[in-house]
Each structure stands twice: as C-alpha cells, then as structure tokens.
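See the structures that follow.
Here chain A shows up in two complexes: once beside chain B, once beside chain C.
Up next, the complex of A and B:
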C-alpha cells in the first residue's frame, strides 16, 4: 500500500480553543500533530489536562457542545477535513464511521434503558428493524458477553463495570466503524477486567480491522497494546513514534513519564516524579511548555513558540530542541 | 525499619449485610495483624470485600462476628467505635477525593478544621499547623487556598491525606487512594506515603493495583469473595504466588510486572 492509501486520519497543527466575543481566545490545544493508519492501534498518553480528550472530541465532532471549537489546523479523515464539515455531515460520520467509547464505564449507558433498547438505538440508525434483535445478539457475542438473553433484558445497574463497558463497546461497534476512539476505557475498573477489555480491543482490531485510538494516562498499558504512541503535554504533541521507538524516549517529558512507572520501580525504591504541575491552560509560558519542569533546560528553551515535532512524519518525532544532546547523555 | 508493636489485631472478623435469605456475607472470617512500621496491603477485585474490611477497621462498619483490637482494646463499644480517645489514632483516606472533601471549604480550612477538633487548638494555630502539613504534602500556599474543584485530582488526594494526618494517627487506612489519579500524581503520592513510614506509624493500603501494593507494602493479603485466599510477605507473594487467583491478578497488571507473571502462567 502506498502511504496515501494507508492513512486514515491525520491531524496537522490542530488548534482548539474557547472563543468568546469581546474576550481573549483561550487556547486549549495547539500543535497537535499525528496520524493514524487503517487498522492501527494508537495510544495517546499525557497527564490530566494535557488535551487528550479535547483532541478526541475534535475527531468525533462534539467540541461545540461545550462551547469549544477548532480554531486552526486540519483534521483529515479519509481526506475530508473534519474541522470544516457541518452537522448534517457529522450525523453520517459520528457514531457510525467513527465510534466512541466514553471514559466513565459506569455512567456511560443510559440508566433507564435495557441493554437491548440501548443496542437497538445504535443499530436503528443503520439496520432495518427486523434484523435488530439478531444483530444485537451478534454484537454482544462479539464483545464476549455470556448469558446474552438475560443480559439483553437487564438495566445497566444490574451489570458489573466490566459488563457495562462491554455493552458500550458493542454500541460503538454496531455500525462497524473504521475508527474507534476509546477514552480511558478502563479507568475505575479492576486490573483483571482491564486486561480483558484490552484483549477485546486487540481482537476487534485484528478481526474487524478497526483502527483504535486508546487514550490513557498509563504508559505501561499503552506500551503493551498499541503499535504507536502519541505523547501530549500542555496541549501539544511532544513525541510521536512506534511503541518500539518510544522504548527509547527522546523527549524529557516522556523520559520523566517513563521513570514514574510503578511497574518498573523497585519496591520502596526511587520513584522519580515529574517536577511541579502541568502548566494551566491560559498560562503557558514562552517557548517549550515543559521547560520549567525539565532537567535538561537550556537558555533557548524559553524563547519563542512551543517547538514543533522534528523528524519525518512516518518516523520517530520529538518536539525537543535538545533531543540529540539528551539521547547522547 | 523493624517490625514494631502490634497496632491492630483483626480477629476472625465477618461482616454481613441484610438479614435472612437476602443476607450477604461481604467479609468472612478474616484476620490481620498490623504492626508499627509494617505497611500492609489488601488486594482484590471490586466486590471482594476489601473496602468493607477497611471500613470495619476504621470503625465505620460494625462486624457481625469477631473483634478488632487497637493496641489491645476492642474498637467497638456497644454501637460506638473508638470511644477511649483513640479516634485520632486511626484515620482513613478514601478513593474519591472529590467526594470526601467539602466542596465549600478550601484545602486549608478543611485541614484546619480537623486540626482544631483533634488538637483542641485555636483558629490561628490550627491554620498554621494545617499549612505546614499541606506544604509537606507538596501543596503550596496558593493552592491551599483553593477549593477542591480548582485543584487537580492528585492535589485533592494530597489534601485528603494531609487532613487524615492532621490527627497524628499511628495507622492510616488508604482505600484505593491512587485509582482516581493519573500516573505521575500516583507516583508522587506513593513517594509521599513511603516517606511517612516510620517505626511508630503504619499504613493499610487497599487496592486492586498490585503494582502500587508491591511498591509500598511489606505484607499482602489477597482477598476474593470475602475470604483471604493468600497472604504473606509482599515479595514472596509476587515472586512465588501459590493460588491461581493471585497468579491471575499478577498476570493482569499492565507492563513489565505483568509480563513476567504472564510468561510464568503460560509455561505452567
């Protein structure tokens, strides 16, 4: 396949902000750059508030509901710029071509609808009414729910957290989307359930060929299931590369994030934490937004704009002026 | 850091909810000994009864059988708990820092309130003490004057910890303190907990995350359906788990820790 054919989604200098007349525009995300190929599993990691969820909302077209909008850059999905399309077009794409699994598994499903009704709602958009029941069962089978007939009649409160998240994934997959966005799908779930959900996502990718964007703050998790990792800090992508590339991180933020991993730490031993807190929105400093927290900071780091991602698009990219120096050190 | 005096002795405790046919035995005949300077981990899936047990240890839930001794004295007298001036000795940090902090109070006033109650000091002194505690937890004076909604998840959790510590407890019960916060905030909190450990203080950490348990605790109890299925030194449980359930839990951890366990599981 040529590089043009395999590219499903491409974000170029995406800028998201809150625009209010008579007020200064508050920029939440700028310089978000990465691409997703067909059937690829991409992880987005970063601290809370780094803009991971905002980027996803831009891809699923739900920013406007919160008074936020895309103020610059491009989101190309199969060659179509999602920042330019209208609501009618979104109705065709959202939830159908691009699926979404929300963060809160426990609050995700509608509490007053049975699982059957819930799935029917998702399926009605695409199927004739006769086939809904059998298709629903098929979907529940796909996400490995047992006792399907019982579960169909149950309400979300009667299901465990893991089951609820499976139902949400089934709804998102109902229309066989080309891209599935899972926003911290396992937060609040047990490790055992988490590993089952991750297995499920891997299978979905393998069997249906769905590209998946997995958002998480857990580098260990993303490292294990994704082909590619996008690291975000203060509204910008600071490092992008394959999982293999990212095992030798070049951005000081990724390096720091890596060393705060509990799974590698010695019991009671040194646990390196990232200095300070992420800069708040609207209080980004000049130059690199990580500079204040960085051990490798130099004088040229606090000048001008946030550094762009250096390197070729298909390769390991790092938004650090001194990446070469750091890697050698 | 050696093993100190026996702090808490949980003897054959059971907790039952409801009566008759609908009765659910959430905790069944569990025993734990907590010594000074020996942090304990309780691990299990949701619904295994670990939080219920922690709540019983905090005196928030009366056991239906068995007894809980704190420094040799039963913590429950009638339907009241910690009546003999021991209330400050055992403090709890909850999973959801947003739900456990008063949204109307700044971090400083939340902690100062607790200082006033436990230390019986005046307003100025309590605020001074509270600020010192918060700063020890890495909360700056500016952030201390913010309300919970203005703080990040990790900061909120550190405020809750400061509030718990303001009573100068000798035992801290932490119920899933890291599960609602992100990775770097989690590392920060664990480092803090580790720094608190000394010969007169202990922590009981309840979590489903074995990585967290391994980092902080010396002894671990693995709980399933209200029963301890395995217990022992944390290192030996990790290196040589005996029960299938423990092996499954270990294999579920993402990253390097789980990888080794999964390899072992595949070999057997």
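Up next, the complex of A and C:
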C-alpha cells in the first residue's frame, strides 16, 4: 500500500487560536503535525494545556462554538481540508464519519434522555434496514452491555461511569465512523473499568477497522494500547513515532514523561516529576518552549521559533535541536 | 484472554448492582407520593388550626360587627349561640374540623352565604389572573432567557441585567395604576372598573391585571432560567448534542431547555403562593371580585368562617401546586430528587 492510500488524517502545521477583533490573537496550538492511517490507533499525550483537546476539537469541528478557530495549517481528512469546510459539510462528517467519545464519562450523556432515546438520536440519522430498536440493541451488544432491555430504559444517572462510557461509545459507533476520537475516555473511572474500556476500544479497532485517536495524559496507558504516539507540549507536537520508537524517546520532554511514569517507578524509590510548569498559553517563550524545564538546554534553544519536527514523516520525528546528542549521551 | 475474562466478570458485577435500579426507583416514587400526601394533610391541618386560633385571639367581635352598634344584647346572644361561638375554643375547633372533613366549612356571619359558595364564585377570578399571567410569563421568559444565554455579545447580557433589575424595582401596584390610567382613560381599551360575565367575556377585564402581574414575574423567571441555561451550556453533553447532529428543535429542547427548566418550574410553583397574595392588590385596584378582595373584607368584618375557608383553600393550593411543580421538575429531569 502506498502512503497516500493508507493515510486517513494528516495535520500539517495546524494553528489554533482565539481571534478577537481589536485584540492580539491568542494562539493555543501551533505546529501540530501528525498523521493517522486507516485502522490505526494513535495516542496523543501531553500535560493539561498542551493543546491536545483543542487539536481533537479541530478534527471534530467543535472549535467554532467556543469562539476558537483554526488560524493556519491544514487538517486533511481523506484529502479534504477540514479547516476550510462549511457547517453543512460538517453536518455530514461530524458524528457520522468522525465519531467522538467525550472526556468525562459522567457528563457526556444527556441526563434527561434514556439510553434508548440517545441511541435513537444517533441512529435515526443513518440509513438502515432494521428498526432503530433492534439496531440500538445491536450497538449495546457490540460494547458488551448485558441486560440490554433494562439498560435501554435507564437514564444515565442510573448507570455507573463505565456503563455510561460504553453507551457513549455505542452512540459514537452507530454510524460506523472511519475515525473515532476518544478524549480521555477513562477520566474519573477506576482502574479496572479503565482497562475494560481500553480493551473495548482495542476490539473495536480490530473488529470494525476503525481508526482511533486516544487522547490521554497517561503515557503508560497509551503505550499499552496504541500503535503510534504523538507527544504534545505547549501547543506543539514535540515527538511522533511508533510505540516502539517512543520506548527510546529522543525529546527531553518525552524522556522526562517516561521517567516520571508511576508504573515503572521502583518500589520505595522517589517519584520523579518533571520540573517546572508548562508555559501558559500566550506566554510562550522564544525558541523551544520546553527549554526552561530542560536538562539538556543549550544557548541555541532559546532563539527563534519552536523547533519543527525533524525527520521523515512515517518515521520517528523529534522537535529537538539536540536530539542526536541526547540519545548518544 | 485473561484480561477478557477479567473484564467480563467485573462487568457482570457492574450490572448486577444496577439491575434493580428501576424497581427501586418506582418504589421510591410511590413512597414519595405517600409522604407528600401525608405532608399535605398535616400542613392543611395546621393551616386550619392557625387561622382558626389567630382569628379568635385577634380583637373584635364578629357578631357585633355583623349586627351593627344598635343591636340588642338578646340578639347578639342568639346569634352567638347559633354560630356556636359561646362554646369553649377547642370544642369550636373540633366542630369546625369535623365539619370541614365532611365538606362543610361554615357560613358567613355577615352575608349568611355558605363559605363554599363564596369561594367557588370568587376563586375563579383570581385563578384566572394567575393562570393568565403565568402562561404569559412562560411564553415571554423562555425565548428571552434562551436568546440571551446563547448570545455571544456581552452587551446583550448587560442590557438583560439592567432591564430585569429595572422591571424588578418597579412596584406592581404603581404599574397597575399607570396601566389603568393609560389603557383605561386615554386609550379606552379597558373598562376602568367592574366585572362581568363568564370566561371569554371576562378577559376584557382581566388582561391588564394579568399583564401587570406578568411584568413582575418575567424578570424573576428569566434570571433563574438564564443562569441554569448558562450552567447547562458549560456541560459536556451539550457538545455531545452538537456532535450527534440532532435537529435544531431537538437540540434546544432536549439539550438546553429540558436539563435547565427544573429549577424554574419549581420556583414557579412556589411563586403561585406568592401571587395568590399579590393578586389582592390587583383585585383592589381593578375592583375585581376575586378571592383576595373577599378575604380583606372578611378580615375587616371578622367574618371567621370566610377567613378560615379562604386561608384553607390558599394552603391547599400552595401545597398542591408545589407538589405538581416538584413532580414536573422530576419528569423533566430525573436528576432532580423528590424530597
């Protein structure tokens, strides 16, 4: 397969910001670069405020209603630039071709509608031969919910967090999307439920061939389930590569993230944290935005723009001027 | 495979703890109903008792007031016996209470009319004003609150805040007098006083008082609704609705209004109680034969039975309407708990 055929989504120098007339544009994300292949499971990792949620909102087309817009770059989805399309076209793509599982399982489903009604909302917009009811049951079965008839009649508040998230995934899958975006889908769920949801996502990817973007701040989790990892810091992608590539990180931020993982910490040993705080939006410094927190900082790090991703697309890419030096060290 | 087994096992657990939820809910709902009915009975009893005893504590003799200053001692005595006012307090209350249970809440000392009849002729006028003003207030408030909440311009919020403050600050009676002057004497749209007829005809007399009432309701309702709408807009499920691509009407109703309406509905049910009191002023200004005006008259003549009857009806209405309000809130949004 050539790279053109397998490419589902490609972000090129995506720039997101708040534009207000008469005021300086507030840039939230710039230099977001990565691509997602058909059926691939890609994890986006980063601290809060790194712009990962903004990136996924750009892909699902919900930036505008928050007064945020794409101010530069491209979001190519099957060759179509999502930053240029109008609301009518979004209505066709959003929630249909591109599915979305919201951040908080507890607040995602509409509290005043029963599970059956929510599924019906998602399903009634999609052509189908069977009745909505039987299709709903099919969807709930797909996400491994038992006692479907009972659950259908229930309101979200009667379900546990894990069940709610399963329902949300069922709704998102109703239209058999090509891409599913899951924005921290296990926030607020306990660890066993978390692993069930991850297992479910993996199965969906395997059985339906859906490409999945998994957003998380948990490198260990992403490491476990994804094929490819995108690391974001202060609104820019700093490292992109396969899970295997990222086990030998080259960007100081990824190295720091990796060494602060709780799952590999030695028992009784000290927990390693990344020093300092990520720079606030609108207060990005010159040059590399990680420089102030970086152990490998050099004089050329604090000049000019945020370094771009070096290396070939499809390969291990790193946005660090001194990556080679660091790896050798 | 191990993880699969693990997931299936704990999944079973997850569900088993939830499967009784609907049954549990139905049981809870029934218990709530029973509790509410019991509570209504208790409230009604106390309303009855308090009205009864307050009247008897307050100075003034209803019989002398009814008969006039030149009544003979003999006549006063006869009438006092006729109404049972010579008996001890608790006996009187017992008689009244047992009578009320069988639907007899006494006779007016003054006009000799059955209190039931007094209420059934005058209550509809008041009820009509309240229903009209509430209906109009809902009709006006929802679009205002919705459009202000959805507007991205900060100026619209400012205008909203100022205008609701202004309309809250204007006293209803002042507005009523202005309205009466303008619509009654300048435009001649409203008969300056009086009342006649059955339902469609009486609207001619009722629309202005209802409008004035509505004017003081709208700012309260819009403010409450607006603030819950703002809370709802921050919630993640609104985004779910956008992404799901539901129709506009469905989005406004199921994703914005329905999750936001419960506090407003509950507040409105409480406002009914306030408004029953408030219409007294309207009825006086517009000289409408409503129950509020009747109550004022009855108090000034110490017409015990009428006052007690009207207060009891007020109490029953407040209890009933607030229950309906809570229930409606619950039906709109199941997260609301019925106490």
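In this section, the second predicted complex is superposed on the first by the 325 of 329 C-alpha atoms of A that agree within 3 Å, B and C clash if a C-alpha of one lies under 4 Å from a C-alpha of the other, contacts with A are read in each partner's own complex, and residues count from 1 in each chain.
Please note the rule applied: a residue touches a chain if its C-beta (ideal position, glycine included) is under 8 Å from a C-beta of that chain, and two chains touch if they have at least 3 such contacts.
Predicted model only: the values in this text are computed from it and were never measured.
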item: First (chain B), second (chain C), both or neither touched by A:264; value: first
item: Partner chain in contact with A:108 - chain B first, chain C second, else both or neither; value: second
item: Which superposed partner A:131 touches (first chain B, second chain C, both, neither); value: neither
item: First, second, both or neither for A:84, with chain B first and chain C second; value: neither
item: Which superposed partner A:247 touches (first chain B, second chain C, both, neither); value: neither
item: Contacts of A:155 with chain B and chain C, given as first, second, both or neither; value: second
item: First (chain B), second (chain C), both or neither touched by A:286; value: neither
item: Partner chain in contact with A:25 - chain B first, chain C second, else both or neither; value: neither
item: Contact residues of chain A, present in both the chain B and the chain C interface; value: 160, 192-193, 195
item: Of all residues in chain B, those that touch chain A in their complex; value: 45-47, 152-153, 155, 179-188, 190-191, 194, 208-212, 214-216, 234-235, 248-249, 251-259
item: Chain A residues touching chain B - in the complex, by the definition given at the top; value: 47-49, 160-161, 187-188, 190-195, 198, 217-221, 223-224, 256-257, 260-265, 267-268, 271-274, 277
item: Residues of chain C touching chain A in the complex; value: 3-4, 6-8, 10-12, 14-15, 17-19, 21-22, 25, 152, 235-237, 239-246, 250, 254-255, 258-259, 332-335
item: In the complex with chain C, residue positions of chain A that touch it; value: 60, 62, 65, 67, 91, 94-96, 100, 102-104, 107-113, 121-122, 125, 144-147, 150-151, 153-155, 157-160, 162-163, 168, 171, 192-193, 195-196, 199
